[in-house]
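Here subunit A shows up in two complexes: once beside subunit B, once beside subunit C.
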Partner chain A sequence: MLFLRYFGAVVLVVLTPVSGASGDALVLSGVTGERGGTLVFGQRNEPKTFNPVIAADAASRELILRVMADLIHINRATQLTEPALAKSWTVSHDGLHYVLSLRRGVRFSDGQPFTADDVVFSFQVYLDEKVRSPQRDLLLLEGKPISVRKLDSYRVAVDLPRPYAVAERLFDGLAILPRHILEPVYREGKLAQAWNLSSLPTEVVGLGPFRFKQFLAGQRVVLERNPYYWKVDQAGIQLPYLSEVDLEFAGSEDTQVLRFQDGQSDVISRMSARNFAALEKDRVRRGYALSDVGPGLEYSFLFFNLNELPEGASPEVVARQRLFRRASFRRAVSVAIDREALVRLVYLGRAAALSTPVPLGDKAWVNAKLPHIVRSLPQAHQALAAAGFSRAPDGALLDPEGKPVEFSIITSAGNTERLQMATLIQDDLKQLGMNVHVVPLEFGSLVNRVFQTHDYEACLMSLIDSDADPNPDMAVWLSSAGNHLWHPEQKTPATPWEGDIDRLMREQMVTRNRNERKRIFDRVQEILMENLPLIPLLSPDILVGAKNGLGNFRPAMMDHYVLWNIEELYWRAEAR
Partner chain B sequence: MKYLGWRLLHGVGLLALLSLLSFMLSQVASGDFYSQLRNDPRISPETVAALRAQAGIDRPFPIRYAAWIVAVSRGDFGYSLAYHRPVAPLLEERIGATLILTGAATLTTWLIAVPLGIWSAARRGKWGDRVSTVAVSLVLAVPDLVLAIALLVLSVQTGWLPAGGKISRGYAQMGSIQQLRDVAWHMVLPVTVLVAGSTPVLIRHTRASILEVMEAPFAMSARAQGIPRRRLLYRHLLPAALNPLISLLGLSLGSLLSASLLVEIVTGWPGLGPLFLEAVMARDFAVVLAVVMLSAAFLFIGNLVADLLLYRFDPRIRTVD
Partner chain C sequence: MNRRWRIGLTSIFIALVVAPLLLAGFVAPYPYAEQHREYPYAPPAAVRFVKARPFVEVGGRWCEVRLLPGNGRLFGVAAPCVIFLSGTDGNGRDVFSRLLYGGRISLMTGLLSAFLSLALGLAAGVVAGYFGGWPDWLLMRGGELVMALPWLYLLLATRALLPLHISAVEAFVWPAAIIGAVGWVRPARLIRGVVLSGKERGFVLAARGFGAGHAYLIRRHLLPLTGSVVVTQATVLIPLYMLAEMSLSFLGLGVEEPMPSWGNMLTEASHYHALILHRWLLAPGVAAIPVLLGFLLLADILLDGRHD
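So, the complex of A and B:
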């Protein structure tokens, strides 16, 4: 009996590395760890679906990337692309044609083989207009879809409708679907209903490090190791190291933080500076470590409503818009804002002031030559006086028509930090004699006013870039785009400088020389800072924490901040 | 029987009116489920518009309402846009957790409040009654949410109670008795908060109604005839004081689905609360409407039960009818 048990253990150890990761396994060099153990990850919200085709919320995407894999992946530490399911690729001279060679011998989490048919099927689904996947827009270049053809069982050709500077980055996060499972559902037109949380674990099949084991409504999703995963460490041990991952939903950030502090969860991602400070006191006694990864890909800014308002808009708003349209007015506002105070008071120092509307986490693309904005009231006064503004005896600022300057800033009521920033800015601008009101709105209403009704004067908002590259923000900078916040969906550029930005952004999109792209995007930032359609404020730091003893834990500033290398995470012996 | 039929009809009308009102309110709320997609700059307005059309939320109000009524009459509570699932199973998965919580809280509340109320009434004006009156007022004055947060922080600091949620890590590895104990342990905090919120009111009502019948002529005559205090209290006064308590019981039963929503959110209890809040924020109206209608139906049934009990126990009501 004793012998049998011993023998069984040996067989297990010898067989596991070999059994799943046959063929073209990806060897992660420099990675070592030990197998076993469970990781509990505390999330704020409950994921809604396993279905990568329709998932739109962050919690679901967090879950999906644990059980799915992409062809080419962006390494969150280096921010560079690296091979994933595609083990290599070639590009034609004009940059329009890619040939991707797929890894051989890779199996889905149900043991079925992965081939080019799965890749072609996946793109067919994502690009199908009837499916209406939010992912589809990511695969369109200026409205035209990319196309994917099968060359043989392990090679696919990808044709771009036009050159695209960083085409490989398009594949990141695009989950490859199992054709043998989803094709029948897709043919029936029921793809959107597939793979929800009530699905059977055996139905949800992917190529990621883990697979679905159990769902407890409102509480957690339990994932188990995918025995067919295609990555091994340098010792040849099949990854992932962890046997199980529990994604636990706390409902609110406060509960999430309390449960981490109490040891109920092992890892916590993206907490507020205040919670970070609160957790820091207890760090040693509770046995966890916190880290400030530095400013991420989020950037906050203030902008004014520059839309063409329809006939019949309130004359008061129209009059105020005449002010907002003056670049000198926007510059005065910008230089009157004390960004350092925002960083210090709102984020307790865990953020960085911006001098360009590009998040600081996007290190390679920030135009470092742009001057740091130092608060200067005299400079603001000077700019306003030169533009014909004056001060009333009671100190109120009067516009060139002699009317007092007064406007309101809308911001999201659910976000404490933004609300505090708006209040501090209100105070900063008061010192210029401006009468500013802060109007907190529930996020849905805010979005509606900015994009649909255009019924607002100024707005304080943040965007989070999905990638450290200028391209994800094309839709913000192009004047014709729907997310050109201050004046979306222009037929023709409303101002010459918006026309210049359109031209430059389109140019950088097709420029394949990186230095040349950088030069163009630097110029875009110069134009943006001359005209200040978005007045940049700051980039908050990414604040995370993990229980001591979690090996290979390397939080990143891009999304999936803490779990991006989940296949490498392991529990050191002392933490088990 | 006629009474029951009339009440049921009345209830259905009330629910229909409520649904119309909720629908109108949802119409007034700005934005819809797909508005939040606009936060991702890569998703185009055209895609958002197409998704809207597909979900049918761009149709005019009367058509959407009619479609909803038809669906509900067939027992179909609609389709959650966030979860891509029908609403009914979504609620089914969570309603149990809410009922366990509110059920335990309601039971505890009654077990504490009624005896305390009687005790307090029997000692009216004495120091015991005074102390309990002050204590009740104090507890009544503390908002549920503040109490919940304070208890949560205290639990984490001292380790006495779990920090929210319904189960501990390692729940799957426990035996069934241990699992039961684990859930019960997690229930202590939210149940305490709920009990603290509802007990004071019930104590005051019990006390007041007992005092009222103590003053009644029949009680005075009973006392004059020398019936012992204890026998008087339990045999004669309590049944007579039952009416307002039965009404309160109806209210208690009726709020089984709604009383704990906020506390659930704060303590991370996986019931209807967190689902409801997220649905409201995301404008997932099918879920919001279903929760609203269901809790309204509960309230109606609770009141109906109370009225039927009154009808059974109080002959005066029957003669009026």
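So, the complex of A and C:
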């Protein structure tokens, strides 16, 4: 709601590619601003690399995307795809063949021209198994790579191995590399070592709005305007407006918040609800504005370990597993959780309770027909009693075999919110007579237990989707996938309903009619809510802030929440 | 003031600050895990006396505080009123009650681990000092190794290997056991020194000359010599280990939710928002001062006496 209201108020960006003296510059009509000034941004973590091919961590990727550009881009405000380096494209009837026309006259940040060769080279690198790019998986459809061919200097053909519903979205965030610089390194087999933190900032060349000027380990990265950038505003002024961007490493969220409050940084991205409340106190006096963009693409959930047990597991573990496998037990747990209290106490109301395991930011894809889950202890008692559970004289819940129900919830020790949610759920379930332990674990050992050893009982976790579409979650819902949290990497679906989900998810992936896809994904959510492999909890709001006077500041609920339109950001005269 | 008086007064002071912690089940108005979800981050209640009868304010309403309200607690207010003398945390749990229960856990951990490390230290120190030779070498070099290990990092690493199911008692005992087991070296060295000098003293040599056995010599002559060292060490180690427990729980390695300890309560207070908006969460830090001060004062007086 908040999100709609916020964006209802701003002028929609209309994109009209025109060709002019400076080649095919992209004109952002409706965008105006003034050139000059520096933006200081407090980044939580330091980047690990400047190399877009191997970057996997959020800090590196966020930085790299400021200096790189992609062919087709997802507009973070509209969540629709729009032309970027590809000024237009055509699709064959079967949806398998794309022809992309590239912008002419575009130059890299070192002045060298951009052509189809750079595109073909980039895809060659991303798809090369030896390079081990984390982007490679995104370019495989059911294990088969897409192929990219050069038609002429400004046209490339992209062939998909099988139809894919939202193929254009694959190109978002895929940085186009300068062939003239990286090809020799690639031939030597040293691409993974290129553009590391000890490289000279000027060596890193891209097509983004900025280029590297300086990197001080442990302190900051300074970006300067790319003089060859290919976007102009409606008045014909070349973007970006800002002369420099200073990304300072804060190390922790509290430091980020302190620096922002003190005016040392101009923008703050993704803070906790408590810090948001703390900052709100000084808002007017310090001259900054805070905004709640609404629930984003993060969703938190509780799940039970449903893995196959190794041979020789103790009878105690076997009994507990039998318990977790009962859908009636998982349903009772779900209905006993006070989601409203989680929203109110943990996120101070800046989150939304979920009734399906799809983040609320993915609004268009949430099955709105699913009933809202209202906490009801009588309903939970009833469900448990019907499944043969009983209460001991001391109030403890006994499973149908007469054993007291006791289990532990593991959660990441580093995340205060999730830890508090687990504590509240522990108290909720105590009222059903369940004896629940909360075990905070260091994130690495948590991941190890969930994905490798399967030595846990229940886990409270969050996922952040990379796109507002069902496809990024294929890796969660497919029973053969590695992120199928409750029972990863199944050879054949362990249950009939997981088989149904596999079939439906594959079907939606190749269905090109959007309504049809939505219908299929709605059915997936119904099956998920009947069986509750993930018990959905809530989606936290995206909370951001910026100094007054920053023009065109339009925070989005997708990643790069505040800097996604960095080329349009500018300082109003009074703020300089 | 003479020393006896100073020891007496300090002991009374310690007893006064420690008594409410030990009697937490009676003095605290609420159980430590009770959540009042309608009152997250409630500030400390305002107390007012009307005709010598205390009232607290809750949401604009004044409720009378009753002594011995009949629920086995020292004081309380009739429902639906609530009393949060030191405010509540993010889950709506009474900070004052958690402070008392948490203090009891921190204090008991301090006492238990001090006892453990003194017992281990005494055994190791006496064996090393009395027998000398290879047992001495083994214990002292082993002790140096223990001192040299980066325990905090080892604890962080080993925590992941512990079983997930830990009962409330185990959750309390294991940090105490670890602190105690790591801390034996220092008392052991001191006691070794006392035993080393003691075994050369005339009456010990004489007893040995009369044919006294090892067990008799140690029990009758050497252990009494170590008495004052043990008592002084105890007063130094108890506050030290209380702090150690607080640090472990602060880092999430000690007592776990929903059980409070001063350390894990301070974790919540360490966030920026707490310093700005919810300062009452810092109560455990303030409460620790008189308790630690009491023990350290006593240690100081006892050490003074030794120099006299």
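As a convention for this text, the second predicted complex is superposed on the first by the 555 of 576 C-alpha atoms of A that agree within 3 Å, B and C clash if a C-alpha of one lies under 4 Å from a C-alpha of the other, contacts with A are read in each partner's own complex, and residues count from 1 in each chain.
The rule is simple: contacts are C-beta pairs under 8 Å (C-beta built on N, C-alpha and C of every residue); 3 or more make two chains touch, one makes a residue touch a chain.
Computed from a predicted model, the values in this text were never measured in an experiment.
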Inset, instruction - Consider subunit A as the common anchor and indicate whether subunit B and subunit C clash or fit when overlaid. - result: fit
Inset, instruction - Have a look at where A:A277 lands relative to subunit B and subunit C in the superposition and call it first, second, both or neither. - result: second
Inset, instruction - Once the structures are superposed on A, label A:S88 by its partner contacts, choosing first (subunit B), second (subunit C), both or neither. - result: neither
Inset, instruction - Quick one: classify A:S445 as touching subunit B (first), subunit C (second), both or neither. - result: both
Inset, instruction - Look at A:L424 in the shared chain and tell me whether it touches subunit B only, subunit C only, both, or neither; answer first, second, both or neither. - result: second
Inset, instruction - Kindly classify A:S153 by the partners it touches after superposition: subunit B alone (first), subunit C alone (second), both, or neither? - result: neither
Legend entry - subunit A residues touched - subunit C or subunit B, whichever exceeds: B
Inset, instruction - Once the structures are superposed on A, label A:V222 by its partner contacts, choosing first (subunit B), second (subunit C), both or neither. - result: first
Inset, instruction - State whether A:L258 touches subunit B only (first), subunit C only (second), both chains, or neither. - result: both
Inset, instruction - Check the residue A:D338 against both partner chains and state whether it touches subunit B (first), subunit C (second), both, or neither. - result: second
Inset, instruction - Taking the superposition as given, tell me the minimum C-alpha spacing from subunit B to subunit C, whole angstrom. - result: 5
Inset, instruction - Indicate the residue numbers of subunit A shared between its subunit B interface and its subunit C interface, in ascending order. - result: 254, 258, 442, 444-445, 448
Inset, instruction - Quick one: which bits of subunit B touch subunit A in the complex? Just the residue numbers, please. - result: 29-32, 35-47, 50-51, 54, 82-85, 89-90, 93-94, 97, 149, 152-153, 155-156, 159, 162-169, 172, 264-268, 270-271, 273-275, 277-278, 281, 283
Inset, instruction - Can you check the complex and tell me which residues of subunit A touch subunit C? - result: 254, 257-258, 272, 274-275, 277-278, 281, 338, 341, 344-346, 406, 408, 410, 413, 416, 419-420, 422-424, 426-427, 437-442, 444-445, 448, 455-457
Inset, instruction - Give every residue of subunit C touching subunit A within the complex, in rising order. - result: 33, 35, 37, 40, 90-92, 156, 159-160, 164-166, 252, 256-258, 268, 271-273, 276-277
Legend entry - Touching residues on subunit A, where the partner in the complex is subunit B: 38, 40, 45-46, 48-49, 51, 54, 56-57, 129, 132, 134, 136-138, 140, 192-193, 196-198, 214, 216-219, 222, 246, 248-252, 254-255, 258-259, 261-262, 264-265, 414, 442-445, 447-449, 451-453, 463, 466, 472-476, 481-483, 488-489
